[in-house]
Every structure is written in structure tokens, then in C-alpha cells.
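Notes to accompany the following structure.
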Amino acid sequence: MIELENVAYSYGYAGGELLTEISLKLAPGSFHFLTGPSGAGKTTLLKLLYGALVPTAGHLRLWGQDIRAMSRDDIAILRRKVGVVHQDCRFLDHLPVAENVALPLTVSHQGGPDQAQNLSDLLGWVGLTARADALPPELSGGERQRAALARAVIMSPEIVLADEPTGNIDWEMSQRLLHLLVELNRMGKTIMIATHDLQLIRAAKSQVQARVLRISNRRVQLAGADL
Amino acid sequence: MIELENVAYSYGYAGGELLTEISLKLAPGSFHFLTGPSGAGKTTLLKLLYGALVPTAGHLRLWGQDIRAMSRDDIAILRRKVGVVHQDCRFLDHLPVAENVALPLTVSHQGGPDQAQNLSDLLGWVGLTARADALPPELSGGERQRAALARAVIMSPEIVLADEPTGNIDWEMSQRLLHLLVELNRMGKTIMIATHDLQLIRAAKSQVQARVLRISNRRVQLAGADL
Amino acid sequence: MRALHAALAFLIGDPQADRMVPPAGFTVTLTVFTSAAMAFLAVFALALSLASGRLAERWGDDLAKSATIRISAPADQIEDQTRAALRVLETTPGVAEARALSDEDQRVLLEPWFGPDLPVDQLPIPRLIEVIAEGDGYDATGLRLRLQAEVPGAVLDDHAAWRRPLVEAAGRLRALGWLAILLIGGATGAMITLAANAALAANAQVIAVMRLVGARDNYIAGAFVRRFTLRAAAGALGGTVLGVLTLVILPRGGGDDETGVLTGLGLSGLQWGWTLVIPPLAAAVAFLATRAAARRSLQRLS
Amino acid sequence: MRALHAALAFLIGDPQADRMVPPAGFTVTLTVFTSAAMAFLAVFALALSLASGRLAERWGDDLAKSATIRISAPADQIEDQTRAALRVLETTPGVAEARALSDEDQRVLLEPWFGPDLPVDQLPIPRLIEVIAEGDGYDATGLRLRLQAEVPGAVLDDHAAWRRPLVEAAGRLRALGWLAILLIGGATGAMITLAANAALAANAQVIAVMRLVGARDNYIAGAFVRRFTLRAAAGALGGTVLGVLTLVILPRGGGDDETGVLTGLGLSGLQWGWTLVIPPLAAAVAFLATRAAARRSLQRLS
């Protein structure tokens, strides 16, 4: 569903390409971790995957379409199949958490009654039931990340791309979130998580077959068994 | 230097007090960790400590002054003795990283030549020399956290309050940052770090005498030896 | 029919989409206030223009009947000279009509000076010819020269000519009013554009979030454009109503004489209809300005 | 001296502090544009006010010398009645001077009608009295009644009274101009306040960061206030210069006759000085508006 062929990306300042020679295929139902030192380009790679950035070289195909041939509206429609957790979770600060989480449904005109049930189940699972009516600026750091994850998965998208989703969350809650993603993966969804948390990767590996990708030296490599 | 006596805090929504009966003394040269589940009130407690929030009950004294008796200008002056790393690191987005890091010096009119040396040493230590001229929105998540830590310590403040400073940072870099804080502590500064990262706490305990506080059940308790 | 339908759909909008734009904020207040203030000023400029327009017309009409020619000559020559003067006037471009006054007419004219009992027929008083101009009027200097040559006893007295600059002044005032309206319209457009841009810039996060969850450009832009257009229209409506009320309340002088129009600065009859144009015009300006601003912002933030 | 020093320090500012406020942005552009547009309109309103003011004065002066009293009576009574009329006029409030015209004066007056050869002394023509009014003038109806009672042959002819409504109109126009200036000033203040508020709201993060690093309220507010005041002053200066240039370029009619002042709508001599007041006034409005906005914002975001 997402294919990268020799993709390179550069933000255009001195220092040249940030990522180079990246060839990667995200098959349906696969589970990936993405690691690498801070500033290696994990967020950049995820942004390429959901069309927020366009490769400076190489080919990137999303569901068979070349990203360069897509209009902004095409990308908007495509985003409805991709759930994204941003590293700096952003919300509509004037709408309560529940509405923010349901935003993807609203935008694609799908707010039905079974979706409402779905929403409250999801809020319960990420532990935000009590804060459903709060405004996003009133959330704690970890609560924001949980709300962002809930928003990313509410449409049961075909791919979930999560950027450091547990950076501000305690271990128990991280486990719950991981469980949610593992469940989605078992339903055939593709998952990719960028993280520094090696413990999280270990925990996942005991539950699903996860590939660990590592960005080092501007390239993406399969990480060894040292994890 | 900071004393809390029976302090309570409530954001005023249903559910009552978030923190209660908190009595705490931060002595000069002490090293504290603050843990607790997401949403327990770690950030709230730190905000109380630097005067961004005022207790709803109890007494809070900063350098002997009661917080309720202080004007906004008093608090501003006091902030110059406190280095803060926010959980969501905020910067002046139109100024380059180096200027942002030097902001506390600028505001207190202290930008001399030795400070410039200090600044570049500090940027080197947190690994931002190459990004010194970038604007904050061009930084990666981890780079932002490192810049925020650099900004917090540039004045060699008497207290450093860091809220989840390594949430987006890889293990090696976290060690470097911890080292910086340990060095400051050895110079007599008081450090308090809110974190979920148990590995970080363990690493610190092998270097300095650190107390681990845990917020649970709305109160602050000394965590046991299980860490 | 389709345009009406589109306009209705626009007015009703998509309540879901509208919720995504933060409801209040200073840029929104600014838009309402700006369009209200500008509409208020526009009403005044409009009144000024229309009033000066009427003034220019009336004074212009008066000007047309403004000149007399006086012929003083020995009693036996006076008839000949009068005929000669009338011949000259017939061939003068810009003169619509020329008529010698009868004794009775002259008596009426002189009454203010001598009272009603003047024995006009016994006095050696001159003969008067009334000249009625048309269009831009005649060339007074040229006419004087010709009369001097052909009718030695004739003197042209265009005693109302001093009003001509007044008529011109009224015309200029009217032009100035329209210029002010144009300026006000342009300034309003620019201010609403800037306010919309400021709002869009302040809501960069809203746009980023909407993009992230798969909202299309039209959906995002629509919400902003609708909000600004409706606010601008509401503001303009308020400003217009206030302006009209002020005009109505404003003390008016002279009544219905020729100067009353300027004195009262009021509008009359159908002219009030012009003010109805202001709010939809402001809405249209706001619509175009905001749409352009939204498109540019969305392009830039892509 | 101290005020000057403070003003200078304000203008120079703290370049370090100024860097903390994002330099550009639509709210800043909006401020410049708004104050420019408003200054431009203010120049026009000022010109309108001053020109109508002069017009009202001149026409008012003319009005003062606008009436005559005509006394027609048998030759033997005419001197008595003239004296009686002068006595009445002496005790009429609002009459500055009254003077019976000599035969020579009358000949000059009648010349336009009868030519220079009229045998005034041989004709039963009435005696004329010139009445010069002062202040608001006299009560014409009352005067008429008194003359009717005491001087049967007298007729009051205030033949220039038709100008009175014109003078009133000019006065009203002047008042309208000042009203417009007030409105423009108020609207400018409100718009700048709103723009400053919008800028402060958009820069909540800047304020939060500055607070975090220990900046005092005055330091933060100062940076915003300085930026807005300077921009508003610059905008107003530009708008004023443009407005003055437009006034200079605008074609002017009639020359220096009594109506020329309105026609040209220009300013004369010292009046140009008034336009110099506009930019500092705009700056003062901006200063006060922004400072109030900044204080409120800092209070709210504390």
C-alpha cells in the first residue's frame, strides 16, 4: 500500500540530504518500529509516508498513486485511510476532547450512533472518559498523547503512523496503548511506530511479529537482534 | 528555598482537588525525581513550584516569600533564579535556536562575551551546534527538548525544574543531559525532574543521591526502593 | 435559480464545518466593527453625493435663466437696436431663447426700487431683454464684443453668473462624495482581507489539524469565508442602519427651498434605496476578500 | 524635559526587547494600513471643515450688509419719514449701522438698470437706507412691523436673506466635517485596539515564553506598544502626505472669489499646519489603545 523506491529527502539547508536511498514497502498487516537517534529523520520519514512532505528524489507510491501526481484534495481523501499521531499533538483548542477525537468522522461525514458507542469505548480504553468534555489545553502531556492516538484510530484506518506516542506516558498506560495497536494489527491494519522506548519494542515483539527499522547514517536499516 | 506547607490545588472542575496535603521542602543542592501516572499532577506541582499557579490552599514560600504576597513583577524577577523545562517546549518561533537559548540572559540584560562562550559550549553539549541558526519550528521533537534544557540552565539558576525532559530523546543523549544536570547539582544547584523514564532514574541514582517522589492518590510520597 | 440555491446553501452552511473555526476572537470583532464603521461613513458620503447632485442640478437650472441685456438709446432708436440685439442673440450658440420685456414686466422688475407707482412709460428708461441659456451656456465675452459692434446701446448683464462656481462646487462635492465611497469601499476590502489573513494566520493550527484528519481545502476555506462574510454583512447592516438613523435625526434647516437639500443633507424618496445596497456590497467585498485570503493561506500552509 | 526624555527613550526603545515580538504579520500590516486610510480620510474631512468654515464666515460677512429700506412718500414727507426710519433702526437690536444713501449713491445703484444718464434728482424715486447687521442679525419680521407702524412709506427689503440658509448650510457642513473627524478618530482607535488585541492573542506563546524566562510585564508590553505606535504613526504620516498631495493635485475652480474656497476644497496658509497634527494624534491614539490592550492581555494571560 505504501512503497518507497530510492527515496531521498532534504530540507534544503547546508548539510545535504537528511534521508537517502530509502526503499521500503509497507505491506498490509505488517507491524513496524522506527528508531534512531534524535534528529535522525524519523518524523521526516513518517511525514513522507502520509504525504505531508514530497520526496526530493525517488518514487513514493501511496496505494499505487505517485505522490507527485496527486492534488491536495487527493491527499486529503487519502488521509482518511491513514491515522496519524503527531509528535507534537495538535488539536482544535476550542472543541472538547471527545469532539476532537471524533474529528476524522466529522470531516468525512460519518458521525452515526454506532460511531458514538465506538468513541466512548475508545475514550474508556485510553483512560480519558473523565476528561472527555475538557478542552485540549487543559489536558496533561500524557493525556494529549492518548487523545491523539484515539483520534488516529477512530476511523479504523488501514495504516496507523504513530510518532513517539508514549513519550509522556507511564509504563502501564503505554502497555494499554500498545495493546490497542496490536489488536488493530491483528485485524489486518498496518502499524508503524517511531519511538525511543526500547522496552516498548521488546514488549511488542513478545505479542506480534514486528520489524524494527533503524535510521542511521541517513539510511533505513533493519535493526539486529540486539533489541 | 522552596517550602510547601499543606498545599492543595484544584483546577476547579468536578472531582475536587487534584493535589492535597502536600508538604515539601526543596533544600539547596538536593536532587529530586517526580513520578506518577499520566494525569497525576506532576506538571501541576512543578507549575506551583515556579509560581505559574497559586495554591488553592496551604502555604507556598519561595525564598521565604509567600507566593500570595508577590506581584507579577516579583515573580518575574524570581523566575530568573529558576530554570524551567516545559513539557511542551515553547520558543519564540521567529528567533534562531541560539537566541532562544540565550533568552534568559537577554531579558535580564546579561549578554556578555563570556556568556557567548558559555552558550556555544552548552549548545555543543546538547548536540545543537549544527542547528544553532535554525528556527525552532524546524527542530525535531528531541532537538526542541534539548534546546529547552539548554535554555533552562544557561543562567546557572539555583533551581532547575524539568518536566519530562527526555520523553523524545534517545538513550545516549538522555545520558548526556542527565550528566549536565548532575554536574549542576554538584555545583550546589537544586534539581527536580518529572519523568516516566525509570531507567533514567536508575542511572541518576548511581551518580548522585536522588530522592524519588511519587504522586499517587493526590499526595506526594517518597517512592520505595523498588526503583 | 441555481445561483439562489448556491447562495442559500452558503448562508446555511455546514454547521459541522463551522464549528471547526474558533467562534470569537479579536479578528472577528475587528471585521464586524470595521465594516460597521465603514458602512456608516459610506452612508454619509452617499448622502453628501446625492444631496450635492440635486443642488448642482437645481442651481444649474437657475443659471440657465440668468442674464439680461439692457439697451439704452434715444427713444427713436431703441426699437431698432432691440431688434438688432435679438438678431445677434438668435445666432449666438448656447442661447436658447431671448425675449424683450414688456413695460409691464419692467414695472414688476423695478418695483423693489421705486415702489409700484413708477411711471415707466414717461421715463427714458432702457429696454431689457431676458436671455435664457441652454447647455453649457454661451460665451459671455464673445457676446459682449458682438453686441458692442452691432448694438452700441446694449449692455450684457449676466448678474447670476456668480452662481456658476457654486454649481461647479456642488458638482465637485458630488464627485468628492463618490470618490470617498470608492475609497471607503477599497479600504474596507483591504481591511477585511487583512483581518481574514490575520485570522487565518492565527488559526494555522486549526488548518493543520483539519488537514491531518483529511479535510479538503474547500471545506476548510468555506468555514472561514462563511464566518467572515456573515460578520461583515452584519456589521455593514448595523452601520448602515445607524448611519440612516443619524441622517434622519440630524437637524435639517431651510425646509424645501433650494438650499434645504444641502442644509438637511437628507435623502429623499427613492434615494433611500441606495443605502440598501451597502450591506450586500460589503458582504460581497468580504466574500471575495476572504476567499482570496483563504486560498492563499491554504496554498502557503500546504 | 523629562517628558521629552521619556519620549526619546520610547522611540529608541530596547532593541533587544523589540526583537522578541515577531516583526511582521497581518495585524501589523493592518495597523499601518488602517491608520494610513483613516489619516487620508481625516485630511479630507479636515479640508471640508476648514473650507466650509471660511465659506460660512465670508457669506456671513456678506449677509451683514444685506438689507435696504426703501421709503416712497410724497416729496415733502420723505425727509421726515427717513429720519423716523433711522430712529427706529437705531433702537433695533442686531443693527450695527444704518445710513441713508445720497443721490450719487443711488445713481450708482441704479446704473445697471437705467444706464448712467438717469436724472435721479428729477424723478420721484424713493429714498434708500442701507442697513448693516451685526452678530446674528436682527429680527426682520419684527422690524417690518415696527416700520409699518411708525414709517408708513417704508419697505424693508432684505434681498440677500436668501443666503442665510446657505451660510447655515456651510456651518452644518463644517460641523459635519468635525463630526467625521471625531468618528474617524474613534474608529481608528477602536481598530488599532482590536488589531493590537488580535496581535497579542496571536502571540500568546511569545508572552508565555517571555514570562517563563523572567521578563517583566512592562518589558513585554513595551515591545508591543512600541511596535504598534510606530507603525500607526508611520501609517498616519503616509496617509496624511497622500491626502495632502491629493488635495494639492485636485483641480480647483473659480480662483479666489468667494466660492473658490469651496470649489478647490484646498487649505490655505496656516491651515496646512492642521494636517501636521494628524500623525502625532494617530500615534497617541495608537499608544493609548495598544497600552490598554497589552495591559489587559497580560492580566488575562497571567
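Think of it as A, B, C and D in the order they're written, each chain with its own count starting at 1.
As a convention for this text, a contact is a pair of C-beta atoms (placed from the backbone, for glycine too) under 8 Å apart; a residue touches a chain by one contact, two chains touch by 3 or more.
Since we're looking at a predicted model, the values are computed, not measured.
*Asks:* In the chain contact graph, what is the shortest path length, in steps, from chain B to chain D?
*Replies:* 1
*Asks:* Let me spell it out: compute each chain's centre from its C-alpha atoms, then which one is farthest from chain C's centre?
*Replies:* Computed centres place B farthest from chain C.
*Asks:* Suppose each chain is reduced to the average of its Cα coordinates; what separation in Å results between chain B and chain C?
*Replies:* Chain B and chain C have C-alpha centres separated by 67 Å.
*Asks:* Roughly how far is chain C from chain D, centre to centre by C-alpha average, rounded to an integer in Å?
*Replies:* Going by mean C-alpha positions, chain C sits 21 Å from chain D.
*Asks:* Between chain A and chain C, what distance separates the C-alpha centroids? Give it in angstrom.
*Replies:* 63
*Asks:* Is the chain-to-chain touch network here best called a line, a ring, a star, complete, or other?
*Replies:* ring
*Asks:* Following the definition at the start, I'd like every touching pair of chains, please.
*Replies:* A-B, A-C, B-D, C-D
*Asks:* Provide the residue numbers of chain D that touch chain B in the complex, in ascending order.
*Replies:* Residues 16, 19-20, 22-23, 205-206, 208-219, 298, 302 of chain D touch chain B in their complex.
*Asks:* Quick check: in the complex, which residue numbers of chain A touch chain B?
*Replies:* 11, 13, 15, 35-39, 42-43, 87-88, 127, 130-131, 134, 138, 140-143, 146, 163-164, 167-173, 196, 198-199
*Asks:* Could you pull out which chain A residues touch chain C in their complex?
*Replies:* Spelled out, the residues of chain A in touch with chain C are 72-73, 76-80, 84, 86, 90-95, 99, 103-104, 106-109, 111, 151.
*Asks:* Show which residues of chain D lie in contact with chain C when the two form their complex.
*Replies:* Residue list for chain D touching chain C: 25-27, 29-30, 33-34, 37, 40-41, 44, 70, 72, 109-110, 112-115, 117-118, 123-126, 128, 155, 157, 159, 162, 165-166, 168-169, 172-173, 176, 180, 183-184, 187, 190-191, 194-195, 197-199, 201-202, 253-254, 257, 259-260, 262-263, 265.
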